[in-house]
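Each of the next two complexes has chain A plus one more chain, namely chain B in the first and chain C in the second.
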Partner chain A sequence: MPQHETRRPLAAPKTTPIPVSFEKPRKNFHVDLLLWFCILWLGAIVLAAIFAPLLPLAEAQDASKTLMEPTNQPPFTVPGHPLGTNGLGLDIFARLIYGARISLTVGVAAVAIGMAVGAMLGTSAGYLRGAWEAVIGVLTNTLLAVPALILLIALSTVLRPSVVSLTFSLALVASPGLIRLARANTLAFTQREFITVARALGAKPGRVILRELLPNVLLSMMSLSFVYISVLIVAEASLGFLGVGIRQPTPSWGNMIAEGLGGKMEQYPHLVFIPATVLFLTVFSFNLLGERMRKRWDKREVSL
Partner chain B sequence: MAGTGKAHLKEKTDARLRVEDLVVEFQAKSGQRVHAVSGISFDILPGETVGIVGESGCGKSTVARAVMHLPQPTSGSVVLDNIDLTELSAEKLRESRVRMQLIFQDPIASLNPRRRVKDLVAEGVSIWNRGDDKARTESRVRELLESVGLDPDTIWNRYPYELSGGQCQRVSIARALMMRPELLICDEILSSLDVSVQSQMLNLLKRTKRELGLSLMFISHDLGVVKNISDRIIVMYLGKVAEVMDVEALDRETIHHPYTDLLLESVPKVTGERVFPGLPGEVQELPSPLNPPSGCRFRTRCPLATALCVEEEPQLEEKARGQFIACHNVASLSK
Partner chain C sequence: MKLMINKVVQLVVVLLLVSIGTFALTSLMPGDPATAILGPDQPAEAYIELREELGLNDPVLARYFGWLGHALQGDLGNSLVTPFRSVNELVGGAFPVSFQLAAMGLIISLAISIPLAMVSARRPDGAIDRAISALTFGILAVPSFVAGLILIALVVNQLNIFPRTQWIPFTENPLDNLYHAALPAITIALAEVPTFTRVLRGDLVSTLQEDFILSARAKGMPAWRIMIFDAFRPSSYSLITVVGLALASLIGSTVIVETLFSLSGMGSLIVNASYVGNVTVVQGAVLVIAVCYVLINAVVDLLYAVIDPRIRRATT
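Showing the complex of A and B:
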C-alpha cells in the first residue's frame, strides 16, 4: 500500500461516531427504567408489609368473619376485593400483603443472621487458619453436602413451624455459602499490606479481624446479600407450598400458591397466578438490585 | 557471592538493630524449600540510614518482614536495643515490635479502604489505649499530617481512595511516626510514585530522620535513590550479602563486588558510556531460590567466576576502606 493511503483513516471515521453516541444513552435510559421499577416495587411491598395493620384491608386470616363473603372470586369482579377472594372468601390482596410480611421478614432476617455468622466464622477461619479453619471447613462441607430442601423439611418436622424457626433454618441453609465467601475474601485481604501494618502497630488477631477485615469482607458480601434474600424467599415459598412452612390460615406466598392444589387451579387460575406473579416480581427485583450493586461495587474495587 | 561472615558488624553495644545469621525459608507447594534469605547479618546504628539494594526477588522485602517478625524468621537473631526479639513471647514481641515501623511499596494497599485518614493515623494510639486524652491525640495527628506535608483539614475525613498515591504514602508515614518508632523500615516506598513525588518523599524522610533521630532501613532496587539517602549500603543477591559499603565508596575510585559493578552499570549515565565495559550488559534472570547455586551464589552470572567459586562460599572481608566484599576474586586494596 502506498504510504499516503495509510494516513487516510485518520480523517475517515468522522461520520461513524454519531450513531454510536446515539445508541449508548438510549440503552442506559432503558436499563434505568427497569432498575427504578424494581426499586418502586420493592419499596411498595416493604411499605405495605410494614403498615399492613394500618391499611383498610379486608379480612385476611379469620374465615369465621367471611362467611357472608363470596368465595373464589376472580380479580376486579367484586367491590372491596380488588384481587378477588379465595376458597374461604378471604381477600387475596390483604393475604398478599400479610404474606409479604412473612416472606420479607424471613428472607431478610435469615440473610442478616447468615451474613453475621458467615462473616464471623469465615473471616476468623481465613485469618487464624490452622485447626479453627479445619473445624469450620468440615462444618461448611457437611452442611453443603445435605440438599437444602431436604434439610429444611427435616428441620421443620423437628421444630414447630413459626417465623422464628423458619428464619433460623433458612439462615442455616444460607450460612455455608456465606462462610466460604467470607473466607475467600479474607484470604485475599490478608495479602494486602494494611493487615501487616496493623500487626506491626500491635493489633491482636481479634482486632485485626474486627476492625481491619470484617468491614472490608462485609462490604464485598453486601451485594450478594440481595441475591441471597431472593433465594431464601423462594425457599420459604417452596416450604409453604409443600405444607411444611407457615401453616394456614396465616398467609404466606407459598401456602397461597398451594391453595390452587387439588384441581382448583384449572377452575380458579387467579388463586395461583396472583401470588406467583408477586413472588416472581419480588425475587426478580431483589436479583436485579443485587446484580446492580455488585457491578457498582466491583467498579469501585477496580478504581481502588 | 556469599555474604556469610560478620566482619562488617560494628561494636555490639552501639547498634540499635543487630541482625545475625538471619535465615528465612518458605515451604513451596512441591515440597521444596524456597531459600529466600540465607544467613545475612547486618546492624543499624542510632540515627543511621542503611540502604539495602538488589534486584527483585533477592529477598530484600523478606528481610524487612523477618526483622519485624511478620512472619517469624526461620532462624537467626534480631536484636533491637539489646533485646533479642527471637526469644520473646508473643505478647512481649508485640510490645517490642512497635518500636520499629514498616512502610510498604503500595501506598493504597497499605491503608484500610474502609477507614478515614484521622482513624488510620490514630490507629496505633487506639490499639495501645494511649489515646485517653482525645484532644491531645487529635492535635498530634494534625501535627504529624502537617509535618508530612498534608493539610489536616482537607483530608481529615477522607477515605484512602479519595487520595493520590503520594498522599497515601504520606499518610502511611504519619501513621508510622505516630508510634514514635526508633527504627523505620521503608520497603520500596518510592517505586510506585512518580519522580517529582519521589524527591519530595526523600527530602521528607531525611528531614524526619534528622528531627527525630530515627534509624532508617531503606530498601530499594534503585541504587541511585539508595545512595541519595543512605550512610551505609548493603548489596544483596539471592538471599545473601554481596557487599557492605560506606556510601562514600560510590564516589571514589575503588573496587567493588562484580554484582555491585553490574548494578552501577545499570544506573543510566548522562554520558551514555559504559563505565565497566568488561561486563555483560544484557539482563539475566536470577537463579531460582528453590535451588540456589553452590558456593558463591553469583557465580552463574559472574564474569570473574572460577572453579573455587563453585566449591567454596566466599566470606565478607574488608577489601578496601569501609568496604566489605564477599568475593574470592576481587583483590584487596587495603593491604
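Showing the complex of A and C:
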C-alpha cells in the first residue's frame, strides 16, 4: 500500500469503489484457529452431554450421598473432583455436564420447534397474503409486545419449570422473529422464476408452499439457527439464575451461577466463575459458528 | 393519514390480545389455581376465599371483562400473598426504579457505542477496528447476569468504588441516586453495546464513501468534525431501528440487574411474585410493561419520520 494511503484521516473515496462489508478481505490463519477451537469446544460439550450417564462422574444432584465429601472446594485441590465441589459437596464438573444436557436440549429443541412453526406460518403468510397474513401479523406483534424475558417469567409462574415446559416457552419466544424472517424470505422468493414456473404448471398453493418455498426458506433460516440457539441458552440460564427456571437440586448453568449469590462469591469465586466461563465459551462458540455460517450463506446467495 | 389510523387500530388490537394472553395465564395453571397458589395443606375456607377473589366461580368472559374493566380504570387487583397490598401500589413503587435503570442503561450504551463505532469506521479493517470488533464479539457472549457478577467482583469488592445495594429515590438526593444507579445501569448498557456499535459502524463506513464527505474533506474539515456533523445523522437510521428493538432486551436486563443488585423494581417484583405463584402481581406488571413497550415502539416509529425526511414523504 502506498505511503499516502495509510495517513488518510478518513476512509477516503477511492477511484474504484470498495464494496462495503463486514468481511475481512483475506483469509486469516489466526481466525481459523478460533473457529476450530469453537467447533472442538461444542463437540466436546455435546458428546459429554449425550454420554453423561456413561461417564465416571461424581455425584451431581443427590446431596444425601455427598455428606462425607468436602464442600466448596476450589478446582484441582481434591482428587476425584477436577473442578471442585459446591456448597453441598456436589461435584462441579458433573453438574456442569448435566447442566449442559439441559441447556443444549432446551436450546436446540426450542429452536427446532420455533423454526418449524415459524417457517410454516411465515411462509404461508407471505405466499397466501390477505386475511391469513393479517392474522399472523397481529399474532407476531402481540408476542413481540411482551419482552422475551418477561414473557418467560410470566409463563414459568403458571407452568412448573421443566425441560418440556421451558422448551415450549422458549420456542414461543423465538417464533415471532422466525415467522417474520420466513415471511420476508418468502416475499423475496415469490418474485423468482421457479415459483412462477410452478404456478404456471398448475401447482396449488399448498404444493408451492411445501415443495417450492419451504425448502428454500428453511435453508436461509438455517444460517440463523446457531445464533438463536445461543440466545435461547442465555435465556434459559437467565431464568435459572433468577430462580424461576430449572430449580435446584437439578443443575443448570444458570442456577449453578446463582449458587454464588448472597456473599458466597466473595469467599468461593470458583462457584460462579467456572459455570460462567463454560456458559461464555458455549455462547461464544455458537455465535462465532453462526456468524461464519451467515457469511458462507451470504456468499452462496451472491453467486447464485 | 390512512396509514396512521391503520397503525392505531393495530396497536389497539395488539394491546387487547396482550391483555387476553395475560389474563389467560391463570387458566394455564395446572389443576386448581387456588391450590396451586396456596399449596396443598391450607384450611378449606382459604381456597374458597381465594377462588372468590380470583373470580373463578364466574364464567370466563365475565371474569375477563371484569378484570379488563378494572385494569382500564387503573385497578390491577390485589396481591395474593402477604402483605396483601394492591398491585397498583406495588407496580407504582417499582416502576420508576426500572424506568430510570433502563433509561440510564440506554444512554450509557449509546455513549459507549457511538464513539466506538466512529473510531472503528475511521479506518475500516485497521488494527483499532479489528480490536473493537473482537471486543464487541466477546461482550456479545457475556450474559448480563455474568457481566453484573464480574462487575460486582471487580468494582465493588476489589476497588470499593461503587456501593452494591441500596436505592436512593431521585427526589430525595439526585446525585446519590445517580451514584447508586451507576453500576446497575452500566451492566444493562454493556449488553447493548455490541449491537449498537456494529450497526452504526457499518452505516458510517458506507456514508463515509459518499460525495458530500469528500467535499467536506476538500474544504479542509477535520476528521472528527466530519464524523460528528456530516456523517453521523445520515448513518443513524438503522441505529434507531436497533434501539427500538433493543428496548425488549433492555427491560430483560433490568429484571436481571434488579435481582443481582437487590433493587426493588418491576423485574424483582415479577420474579419474586413468579416464584411464589402470585399471579395477580405478575399479570399486572406484565400488562404495564407490555403497554409501555408497545407505546414506546409506536413513538420510535414516529421518530423515523422526524429524522428521515424520505419516510415522511412516503407515508403522508
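Operating definition for what follows: the second predicted complex is superposed on the first by the 277 of 304 C-alpha atoms of A that agree within 3 Å, B and C clash if a C-alpha of one lies under 4 Å from a C-alpha of the other, contacts with A are read in each partner's own complex, and residues count from 1 in each chain.
Here is the rule we use: a contact is a pair of C-beta atoms (placed from the backbone, for glycine too) under 8 Å apart; a residue touches a chain by one contact, two chains touch by 3 or more.
Keep in mind the model is a prediction, meaning the values are calculated, not measured.
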| item | value |
| --- | --- |
| Chain A as common anchor, with chain B and chain C clashing or fitting | fit |
| Partner chain in contact with A:200 - chain B first, chain C second, else both or neither | first |
| Comparison of chain B and chain C by chain A residues contacted | C |
| First, second, both or neither for A:212, with chain B first and chain C second | first |
| Which of chain B and chain C A:47 touches, first, second, both or neither | neither |
| Touching partner for A:188 - first (chain B), second (chain C), both, neither | neither |
| First, second, both or neither for A:284, with chain B first and chain C second | second |
| Minimum Cα separation, chain C to chain B, after superposition on A (Å) | 9 |
| Chain A-touching residues of chain C, taken from the complex the two chains share | 10, 13-15, 17-18, 21-22, 25-26, 28-30, 36, 121-125, 133, 137-138, 140-146, 149-150, 152-153, 157, 198, 202, 205-206, 208-211, 213-214, 217, 222-223, 226-227, 247-249, 251-252, 255-256, 259-260, 270-271, 273-275, 277-279, 282-283, 285-286, 289-290, 293-294 |
| Contact set on chain A toward chain C in their complex | 9-13, 17-18, 20, 22, 24-25, 138-139, 141-142, 144-151, 153-160, 230, 234, 237-238, 241-244, 254, 257, 260-261, 265-266, 269, 272, 276, 279-280, 283-284, 287-288, 291 |
| Parts of chain A lying in touch with chain B, wherever the complex brings them together | 192-194, 196-204, 207, 211-212, 215-216, 219, 300, 303-304 |
| Chain B residues within the chain A interface of the complex | 65, 68, 70, 94-95, 97-98, 100-102, 104, 106, 108-115, 123-124, 127-128, 160-161, 172, 175, 179 |
